[in-house]
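One chain, chain A, links the two complexes that follow: it is found with chain B in the first and with chain C in the second.
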Partner chain A sequence: MIKFENVTKKYDDFTALENFNLEIPTGCAYGLLGTNGAGKSTLLRILSGIYRTDSGKVTIDGEEIYDNAKAKQRILLISDETSQFNGMTLLQMKNFYKTFYSKFSDEKFEQLNNIVKLPTKKKLGGFSKGMKRQAAVICGISAGTDYLFLDEAFDGLDPSMRSEVKKMIIDAMCDNDMTVVTSSHNLHEIEEFCDTVGLLHHGNMLFNKDLGELKGNIHKVQCQFDKLPEKEDFPGLDILLIEEKNGFTNIIAKGSTDETLEKIKAKSPSVCDLIPLSLEEIFIYEMEALNYDRTELM
Partner chain B sequence: MTEQSLCKSFFKSYLFYRIKQNSTFLVLCCILNILALPLFAISMNSGLKSLVTDFYQVSKFLSIVMIMALLIPAVLGALISYDFYTKKNLSDTIGSLPLSFKERFWADFLSGYITNVAPVIPCGIISVCILAASQGKFKVFCENHDAKEIPNLAAIGAALFFTVFIVLTFAYILTTVVVSSCGKPVSAALFTVIAAYGLPMSAGGIAGCFTCAATGMDVSSAFRNAFAFLPPVGLLEEVGGVLKYLIDLMSIGVPEKSYDFIVTKPVYISAYIILAAALIAAAYFIGKRRKTESTGSKISFKPSFYIICILSTIGVTLTLIVLTYHKTPVYLLISLIGGAVMCLINILIYFPKKKNILRCVFCGAGGLALSFAVFFLFDKTAAFGLRYIPEDGSKYEYLTADNVKLTDKDDISKYAKLLNESISDLNDSLGYNANFSTLDLEYKTSDGKVKKRSYAKVSNSDDMDFYDFSYILTELDSYGKFFFENLEKKEELNVSVILSDISIDIPKDKTEEFFSTIKREATEKYKKNAEAYGQARFESGGYVRYFYIQNDFTDTISLIENIGNLKETDPESTHIVISYNNDSKSYDSRRSISARVPYKNRRNENVKRLMELLNNDPEFKDYDDNFRIYFYGFSKYSYHVPNENVQEVIDIVTELAIEDIKSYDPATDPNNINSFAAVD
Partner chain C sequence: MTNYFGTYFGYKLKKSRVQIVIFAILNFIGTILVALIMKKYFADTRTTLKSANGSMIIINSFSEFMAPIILCVIASIIMIVITMARSLKFYYDQAAMDTLGCLPLSYSQRFWGDFLSGLTVNFVSYIPFMIISIFIVNSTKPDIDLMMESGFDYFSGFNKIPNLFIKIIIMFVLVYIGVYAVTMFVSSACGKLGTSIVFSAIILVVLPGIFMLYGDFFFSFVKGADWTKEIADSIGMLPPLGPIVMMCMNYNSTVGFDIKLIIDKPIFLIINIIITALFIVGAYFIGKRRKSERVGNGFVYDSVHSVLSLTLAVMLIGVFSYKYNSDNGFAGILLTALFSFLVYGALELAQKKSFKGFGKTALRYAAVFAVCFAFLTVIKSTHSFNYYKKLPKESNIKEIHISGEYFGDNFYVNEGFNYRSEKSISRVLEEHKNMLENPNIFTGNSLEITYSLNNGNKITRKYGFSKPDTLNPLKAFSDEVIKLDKFSAQNMELLESEDFSDIRIEYNAFSYDDNGNKLNLPEGFIRGDKLAEFTKLLRYDIENNFNNEKDADKTGNVSIRKVGTNKSEFYEIFVTYKQTIDFMKNPDNFGSAEDADNDEEKIFQIKLSKPYDGDGIRMNGISSKTDDEDLKKFLSYIEIMDSSDDNYSSFFNINDMKKMYISYGVKKENEDAAMEMFARYFRKHYAD
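Showing the complex of A and B:
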């Protein structure tokens, strides 16, 4: 389990994280959301033992990470920047990771490279951005660490490759009970890949929820009434929004599916369909409920 | 595999990874070293010298190549070895590796050291082997064919390489300290240069100010000694010195004195080990404390910058004080401006945010304040009392001053009291007069310690208080024993006498008369101790002793007057010296005489007449007769003497010189003195 306890991190006058608390259970695929400068990369670098916190404690399975070789043996960060490997071939990059990670699997590496089919003897400087990402991901997965941290790892990948890479990571998670923390400002990536999401804003966690729970707890019901209803017409229902669109009334409400549908149907709509909500929509409504402007956050 | 062995193996893995990463640089360093050092050795080998056509050009070229080849890689090497301190993407990758800071630090340090400094060791060994082989198999002669064979070239080479090795080691370590504090390669390189100079300059400045406060002496030698000790930049001078010595060996032959290598002295070796350990500890501390996220910014560990800022300001300020203290009354202003400029350079390199500029200014101001505080502390406390010698005669075994050895406890006590009294305002007395002679003291204390001291003394100065240390000696009852013995020894030698500024040889036929006269008068004067004499300086070959001739040695003075009459002396056999401010110039087959004229006598008849005889043109111009008279006061003037006036000018200056000898008594008449000298 990853645990942040009252962590504060400052860059001169700028506070990246302030009294930050978070727990990420083992085996979880955690998605970190937030705008540029929200503190996502800082959080991942603290997690990887690169940055030292100004105060507070960060542990992985009870062990502090910074300057702890033993703990760092179990984690690997795939950074958003890969130019440091430009002078290496994929084979050399593999050997680099193999040198420092005792569980590195050549077999796994071969297996993954058979999927992405990257040239092993060509310098990475000659690779496209997407290819470099693939190279980093297959090396990262092959390292066999318990924790894999991905900083904007899917940037630059085309949709099919993105899907392949995601599949690789999900397989690795299943095989090794790997915990993955990935940062992104793209909700779709997180939605497809993560089971828990957190939204960082100005160094604070605004939002930290299980995606299934999140999705299961907020509903969009498309109905047709003779007259546009008011929130007060549905007592006991936590309605976030009622709007009329294309002759239909859309009701966004929090609560269990059955209870929500039951209370709406009690008003005898001519049409009543449950429409799946995208993560983006869920975020919009949740944030609006917390009185945040979504444009500031995403 | 245990966890401990896992960490250990990663240290090795990382070390080899870093060495492998720097392998290109390692090859480059080896090539440069092979080019620089062994070739230098080959060039010194006369047996192989036929390979090169112009030895001197090749030597100079190789010297430059050698220094460039060695020093630049050491600095660049450290910058490259710690590239993750200056490249953000690398800092993430390296920082996330499963290594503790300790493992990473030592692996980085050692890999850089192995890559950049270690190649000098095998290359040095090769060079020394070449030199050793040359010594046995070829005759190694210097360029001068008449000179002796150069001895023990391999030992000199070995000391040279050891010096080079220390220079490189410190260049590398110092760069490591600085690069740990910087986030950009350019700022790291610039601050390395500033730190490399700042450290030895500060040490030199402190040593110089201390020496100045303790002795009033010209402090440049103290400054240089402290500066030259500190590597890398200071010790680089030592490398230059050795190279010059080697080239001298080849060109002019074996000098009388062999080169005194700093690095072969155990005390310096110990100091270097301590200094290296301190710098490595500083690099470790900074590396541990620095924030990884500051990679990419100019300064990643601000305290280091503030230290460099203060250190370099102190270095420049104290160095300027040392260089200008005895030369100009505005030495404080010059030092202040220099220190401020250094501080400004630091700020410009750093170019920080507004609030940091204020801190930098505070650091610069602090550096300046500290420099002046150090200077005034030393000056006002007379170097914590070290200026003075113990006044209790019982604490001495002997004391030697101006080559006079005193053993009588009371005399030593009396001398020490008079000396301490006269040097209480030593630097004020010296003023802005950089030209002074020195009083050399040596004494042995009752606990067996031998100490050597030198003090500055003004020999000629206008409008300055003047106190002749040597006069103190003549006040002592036991003064003379040492000279008496020497006087006896000198009777058989050719003798010249230097009286104040006049030097004349005593003709052989007059020597006996001269010695018997001075002996008789000295014996009469010092009845209490019949072996005592006044001051005169007897000079013959390399054997020089100083004596005082007292005013009441009338017969001796009269004898000197006769001998010193230049009109009657054969120019070919007269060795003439103009002595001014301890600067003696010899003129073969020429004659000169000089005299000091007390300030109060400036307007006497002789001086007035002398001025009338001179051409009223103080400028140096070409005159056919080439006869000039020089006036020394605050500055030097030269007047042309018309041909028709030459003889009269000589007569007057001679008369003035004789008057000078007769009347001069520094103890009772410490008046300001001008010095005149006439030369033909």
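Showing the complex of A and C:
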């Protein structure tokens, strides 16, 4: 389990994380959302033992990570920038990771590379951004660490490759009970891949929820009333938003599906349909409910 | 848990393959190639002398060997700075930091991996090359006897070259480690590769620079001190480049064999090792405390830029402080402040690329200037804390050498004398202290006092006297103090030695007595019992006339040379040396011509200073094969000459070994023919 306890990290006058607390259970695929500068990369680098915290404690299965070679054997960060390997071929990159990670699997590497079909003897400097990412991901997965941290790992991948890479990671998680933490500012990527999401904003975790629970607990109901209702018209219902659009009233509410529909139908709307919500919409409504401007968050 | 230190070390080395090759080339040139050149030179000299085939390479000093060594060292130092700084890429590049920072390594493992792999990149070739070159040099020491016989007597220090070379290349190990340490230290505080390289280079130069500049200022107020010598003798303690500066400052291109090296000074070695270790420890802790997120910032610690730039400012003030020294008063101060600020300000602007915060920069500079200026003023006003009065403790002095000009009639006073007795040391020290009470009388360098201390160090003071009458007490003192020591205190080791069987009189040149009459003493060699008798008489005469020798009484000299070595001592013979002269007057005391080896019977000493065009040979020989036809022909060209006569060739310097006071020469019209004869003789002679 990954545990942040009252972690603060400052860059001169800028506070990247402040009294930050977070728990990520083992085997979880955790999606870290936030705008540029929200603190996602900082969090991942602290988690990888690259950055030292100013205060607080970060542990993986009870062990602090910073300057701890033993704990670091179980983690691997795939950064958003892979220029470090530009002078190497994929084989050399593989060998680099293989020398440092005792559980590195050549078979796994071959298997994964058979999917993405990257040239093994060409310098990575000549690869496209997407190919570099693929190279980093297949090496990262093959390293066989218990924890894999991906910083904007899907950036630059075309949809089919993105899908392949995600599949690889999911397979690795299933095979090895690997815990994956990935950062992104793209909700769709997270939605397809993660089971828990957290939203970072100005060094604080605004939001940290199980995706299934989140999706099942918030609803959009499209209705038609003679008169635009108020929140107070639906006592006992946790309404996030009521808006009128194209002659319809959209009600965004939290709670169980049945209870929500029952309470709305009690007001006798001429139309009452349950509309599926995307993760993006769920986030927008959740954040607006917390009085945040969504344009600042995503 | 697996320890990945070795893996990381190997990875770093693998990444530095190109640098390893470059270092190998440089190290090969600086060690093995120089050793091979040396070997070839010695071999060529020997071969040419023996076979007269091929051209002789004449190397007049150690410079020819030093030049490639120094060039390679400079290139290596530049390479070290760049290699070390580049090897710490994760300090400047976020991607590298992300990759290497999360590897299963502790900070210590990574630090030592970086540092030791950096050292290895250079030393993996340097150490074996150094060892090989030592073997090469050791296996081919110059044939000193042969060189001496062939007239290279001015290369008396030649046999020191191999040992000197070995010491120098061993010393560079420490220098290189020091450069690695400084670069690691500076790089640990920098977040950009360019900043790291530039400031490493600046620190390497600034440290000895400050030492020299402020040392210069300090010693300029120490009456009698030779600042160049003082700095040159002490800068070696400052690593990493101090030892090289010390070597270069003490290097004399004509007698380069006497280079001073820290390897001969244990205390300097220890100081070097300690300071280098401090740089390494400093680099370790600076790197440990470093914030990884500062990658890409010029400096990782805010204070570092200030410290570095202010160090630079201190040096700049030192550079311009001579204005303060030479221009007494406000103008000197103003110019020092102005010049140094202009340079410092320009460097600051170049670094920051903005005038923003320039006011703060100026204020900071003003504060540093005030501190430096106050320090310089204190030095100036206190005459460097009256350091000129500081003389060594009597108990620490082994001997005192005094030499000077116009001190009186005493030969040994004028020539210079080593005072070793307690009485004389005490008296010299007392007189020296008295002299220092009135330092204003000094000007110039007519008196030199050198204290040789028990720990091997030397302290030298040189004084001159503006008025002749101030010299008189000193003359009286010199005449007095020299009487305090006996002859045995002199530096005449061979004569003092009891191993007389190893000593021979090579030649003598008694030509005239005190009345100007020719003594007609026989020439030759004194050996066996006669040698012991002669040296006994010579000792007796020196001891009994010791304090009364006058320059005007010189009548000739004898040279005593230890057989099988180049070590020789000359003894002036004065007309008052009655017993010695009586001995010399008796032809029976000299060995017959048969007693002496043919090759030891020198007749003419001939020096040809122009390379002979046909062979490129520069000849300098002592002829002995008198039955040689070419020599006979050559001798037919020489004649007693008037040195003011322009008709004689200026390339020949010929002395009759039996009549040293007569000058011989070759007429210009016979120059070419004489050269050819001599060259032919020379080649033939050494082909034997």
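As a working rule, the second predicted complex is superposed on the first by the 298 of 298 C-alpha atoms of A that agree within 3 Å, B and C clash if a C-alpha of one lies under 4 Å from a C-alpha of the other, contacts with A are read in each partner's own complex, and residues count from 1 in each chain.
The rule is short, and it goes like this: contacts are C-beta pairs under 8 Å (C-beta built on N, C-alpha and C of every residue); 3 or more make two chains touch, one makes a residue touch a chain.
Here the structure is a predicted model, which means the values were calculated and not measured.
Overlay on chain A: chain B and chain C clash in the combined arrangement. Within the superposed three-chain model, A:Ser48 lies in touch with chain B and with chain C [touch as defined at top]. In the superposition on chain A, A:Phe248 makes contact with neither chain B nor chain C.
By the touch criterion defined above, A:Leu77 lies against chain B and chain C together after alignment on the C-alpha atoms of chain A. In the superposition on chain A, A:Phe96 makes contact with both chain B and chain C.
None of the stretches 513-521, 531-539 or 549-557 of chain C clash with chain B in the superposition except 549-557. On chain A, the patch touched by chain B and the patch touched by chain C overlap at residues 11, 42, 45, 48-52, 67-70, 72-73, 75-77, 79, 81-84, 96, 99-102. Of all the residues in chain A, the ones that touch chain C in their complex are 11, 42, 45, 48-52, 67-70, 72-73, 75-77, 79, 81-85, 96, 99-102, 151. Those residues of chain C whose C-beta lies close enough to touch chain A in the complex are 1-4, 7-8, 10-11, 89, 93-107, 109, 291-293.
Per the touch definition, chain B reaches chain A in the complex via residues 1, 3, 6-7, 10, 13-14, 17, 87-93, 95-101, 103, 291-293.
Interface residues of chain A, counted against chain B in their complex, comprise 11, 42, 45, 48-52, 67-70, 72-73, 75-77, 79, 81-84, 96, 99-102.
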